[in-house]
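Next come two complexes, and both contain chain A; in the first it sits with chain B, in the second with chain C.
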Partner chain A sequence: MINRPAYLNDVLFALYAAEKLGWTALARTHFQRILYLCAALSDLANSEWGYDFSNTLYGPFNRYISTAPDELVHQRYAEAIEVTVQRDSKMKATFRATDAGKERVELIAKLRREQRRLAWIYSVMGVLTVYGPTVTSKLAFIEPTFTTMKLENRKGAIELSGENNQSIQLLRRLSDQLERDYSIHLDTPVSHLILYFDYLSRDIGRSEPK
Partner chain B sequence: MSLYTRAIEMKIHPGLNLIIGGNGIGKTTLVNTILFGLVGNATYEKLDGIKKEVPLIDEDYFHGRLEPGDQDLAQVTITIGVGMDEVSITRALYRPQILRLHHKRARTRDVQSITGSPAELERRYRKLLERLLGLPTFEDFVFIVANLLIFDENRRTLAWDPEVQNRMVRLLSVPRQLDESFSKLSVMVTQNDTKGRHKSEDRKRIRSAIDRWMEAKADEDVEPQDVDKERQNIEKRLNELDQQIDRLEGEVEDDRLKVNSEIQRLKELNARADEIELKRAPLIEKQTELESQFYGSIYKSVPAAYVLLLEALVKEGLCEFCHTEGRQLRALGRELKSGGLCIVCRSPIDYSKSLETDNKQSLGDEINSIRETIELLDIELTTFGAAQATARSTITVLQEVLAEKTRSIRNLDTERFELKTRYTALSADFNGDEPDPWLLEQNRAIKKLDDEIEKLYRKRDDAKAKLREINEKILQVLRSVNESLTPLFSEFASQFLGTNCELVIAQRTRQGKPVAYMFPRFLDKERPSMNQVSESQRFFIDQAFRMALISWFTQTNSGETFCIVETPEGSLDLAYEENVAKMYLEFAKQGHSIIATSNLNSSKFLVELFRHLGDNPKGKVLDLLAYGRLTSVQDSHKVDFNKSLKQLNLPPL
Partner chain C sequence: MTSKPTAEETTRLKRVADEPWYWLRENVPEVAQWENALYVLLESVKVVWPEYRINRINLAFLIKWTKSSLPSGTLKMSDVAAIQKQQNAANSQLIFEVDLDGNVLDVMDIGSEIDPTAVMILSQSREAVIMWFGHNLDIFYKGMKWNPKNKAATLKEMKLKKRDELLPLTDYRRILETHYEQYIRGESGVDYWFPGEKNKVLRSSPERIFQKSLYIFLKNDCECDAALEPMFKDSSRCDVRASIDYDIYFFEIKWIGFCATKKKDLPVESAEKPREEEVKNAIAGTYQTKKYIEKNNSVEYDNKIKLGVVVVYDAYPNPHIPIEYPQEIKDFPLLDTAEFALVTVTPSVHGKRMAKQRRSASKKR
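Our next item is the complex of A and B:
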């Protein structure tokens, strides 16, 4: 069981990375998608992610992550911008880290484990930057573990461990093929990420990099 | 303490003793604590189909119920009065251990403190109770407690369980000598029958071997030179077989040594992995503790619940606390949120709490270094894990090879035996008309078995006849018991059923042994199976049967006893609630101690019982709500609980 700071940390890290990578702001769904991709591929970073996502109509979902931005806003670590209240009273907003939030991230990253987590989130978001936010939203939907769950119509937590992690299996097949047929050797986690996202996003209308 | 907030002292009075509380407050745990004090982890024979020795209270029953800090403190002291003797025993709840044992003697009234090792104390406690209660063994005592004196929520019925009932009634009523010879004879019947059948099997085997031998002999029409040649072949093959078997046996011996050393190695690996795990666990604990300190001033400023309340207020205009809803509330929420005011006390919230950066820095360093050690240990554990897996698979492979070789040896050995038999037979053929020595030997063996079988079956039949005789005597005893039991049973059962009810005696045979038992009859219908009464009737008729049995026993043996009933009112309607209460009161009136547990609810059952407890129920009622921990659900219904308590004349929470 992972404790409350872990969710808050991850969302705050994503906001921090967004700022550094020049993303304007993150919407609620972005957190779910980005952190899901981080979790699905965390094997590359040699770490266990620690919490699950469920298979829902709207993509991979974790309820703690969905409320974390509000909590961060309340703690003044993040601010909500472009707030619109919809007809069903739901609030739509994008979020951005405040100075206090960034200061906190730097403090939390004194813990080496959190530092590694921040670095991983930064790497994943960094590679995603090339494809733009639209692709980011769609990627999680065609991500193989999630797709398998959907196809088999299985409810509950998306199984990301060991043999059940289809994402890592696919990535392994891809990198093996590169090595075998073209003698291309990928040596860093980031190079694996590039291969993976590039392969997955080939059918999605990608935008020009900024 | 983890079980209750403070120590509970409870004196069991003659008559009704009530333990009341709510769900999960610890009624059953208290009852089981009493039983544990009484019998510890002693076992009794559970007579359902297959005989099984089971403990009344499982060894780990209290493990999940005690916090680590309380494990050594938790104990129960029970004082048992038998006649004028008093035995006081204190047991630790976490591990099966007697801490103190005192015996106050009836005659001299002096208190003897018995000392010794825990095992010695247990042995002496059991002997003491056996002697005082006049029971053959302590297991019999546990059997009576388990099957007669507790009526727990598993609701095992005694009235319709011939075997348990038979055993119980025999324990309570049949003279010891008669009962002992009954048991001895039953064992004798079974043993002689089994032995006889085994011998018959042996005889059958020899007979078929002879038949096969005769057939083979009839088929043969051999010339002397063929015989010679065959004998030579057999000798050659026997030689080969001897060598092969020798070689294989040597290999098997070696393989066994290998397996053992591999197992030894695995054990060492396991031990070392355990050592690492032992080092790792406190580090993880420490890490968690430090991390919570680290995050203390980062995220602690606002609890999650606060944020959820505020968000509901702002987004939906809903107060999650009192469920008021409206536009104004939404406006209020927005005002508070934008003004940075607390929704509870309207004070401005200070977000600029000091960060204690220095403190965080050193905390962070400490966490990092612990984390590093943990990661190193994790790597070591992974290495060990791999070595353990390799060792395990090596052992499996070696064991398979070993099994295969053992199988080969057995096959070769069978072949050798058959060849040797054949060789003897061939040699015998040349002894002219002399009878075959192997055949003679087999025939002698059959004759011997014939005699033995006859003797065994004669013994069995004798024992059976005696058993029938004794059973007749036991039946007589049971009939007289039944005569006194029926009016008592009818008295209790009719309180509940509202109609007369009697007990019918019946006999049936179980595994060749006669078993006598009783079952109820009411509304002009015999009910030999519990399916012939409704579910709620079943429980209370059984209860009446138990009460009758206890009542009869205490009347004939002059003494006191107790019984425990757990939440008896469950699944009863209004009318029967009152009748059941009457039944218990009737039993209590006769001076028996009943410990009944009940939930504080809206049923009339408690009210009915309290009406008869008199103006001062105190002392006979243990209100566990005052001792246990209420859940948040119960906490929110405090008002309802207090209403019920007031109705029962008990102090509020």
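Our next item is the complex of A and C:
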């Protein structure tokens, strides 16, 4: 079980990475989707993610991540921009890290465990930079473990450990085939990420809208 | 002592390094008009290039700044074996002129074996863009080689450019119209008429065909998450659901006209005694949808339905649309309707082109 600051740290790391990688400000859905992909693929970094996401109608969801941006704003580590209040009183906003937030990340990352976690989020987001936030959201929604649960109408926590993790199974099959048939050896987690996201996004945007 | 470039040169060099497309835009003014088409062509070049490399037959493709709809059977860049055979038979003396769809428009015999220098000179004299498929993949223009330093940035720009065009869900009417033009009209993307009964009788269970097609379009080409036949809170199901940032839209697919039937326990479809789905059935469908929305949008549910859209495909030989819906339906704020005629003379030119691309892509897979 992971303690509460882990959610806050992860969201702050995502904001920090977004800034470094030149992404636009992130919305709540983006945090859910980015961190879900980080969790689903964390086996590549030999790390336990520590918290779950649920299979919901809106895609993989964790309620602490949903509220983490508000808490970070309260602590002045993040600021909300482009705020709109909807007719049903729900607030939509995008967020970015403040200078205090960035300093905080650099301080937290002095701890080796957090450094590894930040590096992993940064690596995943670095590869996803090629696709942008819109496609990233779609990629999390079509992640194979989540998709399988939806097809089987299974509710509850998305099981990402061991053999249940369909993304890792898929990657194993793809990399085995590349090795066997083409002698291409994927030797780093990032090379696996590149292969995985390229494969998963193969149909997105295939038409040519008018 | 070391000399330095001028301030203007420094700015220019920095821009080229930072924005590789800047070079192309600056030097190839034709790109401005054809940027999207060029991105798509380069994406497809990327796909076929590994196939070309295997046989090590040098090739050059001169780009003509045009898009043309040529009859089927025309040689395309994706016809690797045929192009290589032709080049080999001509002792590697050919340069292929292609349009922005990759269709081979003409072939130029330069009288000697092609090499990068010859290609570079030709690109200079003709002020043309030429892609060189040799040991490396190079692009020449006006005698210069385009070799951007920042390849990751180029890739990012290419992918983002393509994908920023995903249709936003808020523009659901445009989504439905684009889907109709590209996939439905004139069977451009899916087959739905019963064989031999075109414009008269649909295949059996046509709603399944339209549902699946719209779902795939929403999933791949629109800025939203899509689900096929998802379950509502009350355990009923809608045809297709799409959501973006916690706003839910759902689409109910109806059709009117005639469809083939299947005898019980038999897999064979028959159009001998077609089943008719009348306008009143479509209207009944809108009432059913209204009921769904009312039952599943109660305040105790967190999931807020933004809009339900009833999409009607009209398969009558003499179209029965527009449908006159009851005032109660017209006045319901969370419901909209959209109607499309299936009996049309031909698919749109764009639809045909898209269908052709899809067919060749699926063959490759």
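Just so we're on the same page, the second predicted complex is superposed on the first by the 205 of 210 C-alpha atoms of A that agree within 3 Å, B and C clash if a C-alpha of one lies under 4 Å from a C-alpha of the other, contacts with A are read in each partner's own complex, and residues count from 1 in each chain.
One rule holds for everything that comes next: a contact is a pair of C-beta atoms (placed from the backbone, for glycine too) under 8 Å apart; a residue touches a chain by one contact, two chains touch by 3 or more.
Note that the structure is a prediction, hence the values are computed from the model and not measured.
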Fit or clash - chain C, chain B, common chain A: fit
First (chain B), second (chain C), both or neither touched by A:Arg63: neither
Which of chain B and chain C A:Leu107 touches, first, second, both or neither: first
Partner chain in contact with A:Thr29 - chain B first, chain C second, else both or neither: second
Contacts of A:Arg154 with chain B and chain C, given as first, second, both or neither: neither
A:Ile204 touches, of chain B and chain C: first, second, both or neither? second
Partner chain(s) touched by A:Ile142 [first = chain B, second = chain C, both, neither]: second
Chain A residues touched - chain C or chain B, whichever exceeds: C
Chain C, chain A and chain B - angle at the middle CA centre, rounded to the nearest 10 degrees: 130
Chain B versus chain C as contact partner of A:Glu71, first or second or both or neither: first
Closest approach of chain C to chain B (Cα atoms, Å): 14
Intersection of chain A interface sets (partners chain B, chain C): 90
Touching residues (chain side chain C, partner chain A) in the complex: 36, 40, 152, 155-156, 159-160, 162-167, 178, 181-182, 217, 219-221, 223, 225, 227, 230-231, 241, 243, 245-246, 248, 303-304, 350, 354, 358, 361
Chain A - residues contacting chain B, complex: 3-5, 8, 67, 70-71, 74-76, 85, 89-91, 100, 104, 107-108, 110-113
Partner chain C, residues of chain A touching it in the complex: 27-29, 57-59, 88, 90, 92, 129-132, 134-135, 137-138, 141-142, 150, 153, 203-210
Chain B to chain A touching residues, read off their complex: 291-292, 294-295, 298-299, 301-302, 304, 306-308, 310-311, 314-317, 337, 351, 355, 357, 360-361, 364-365, 367-368, 371-372
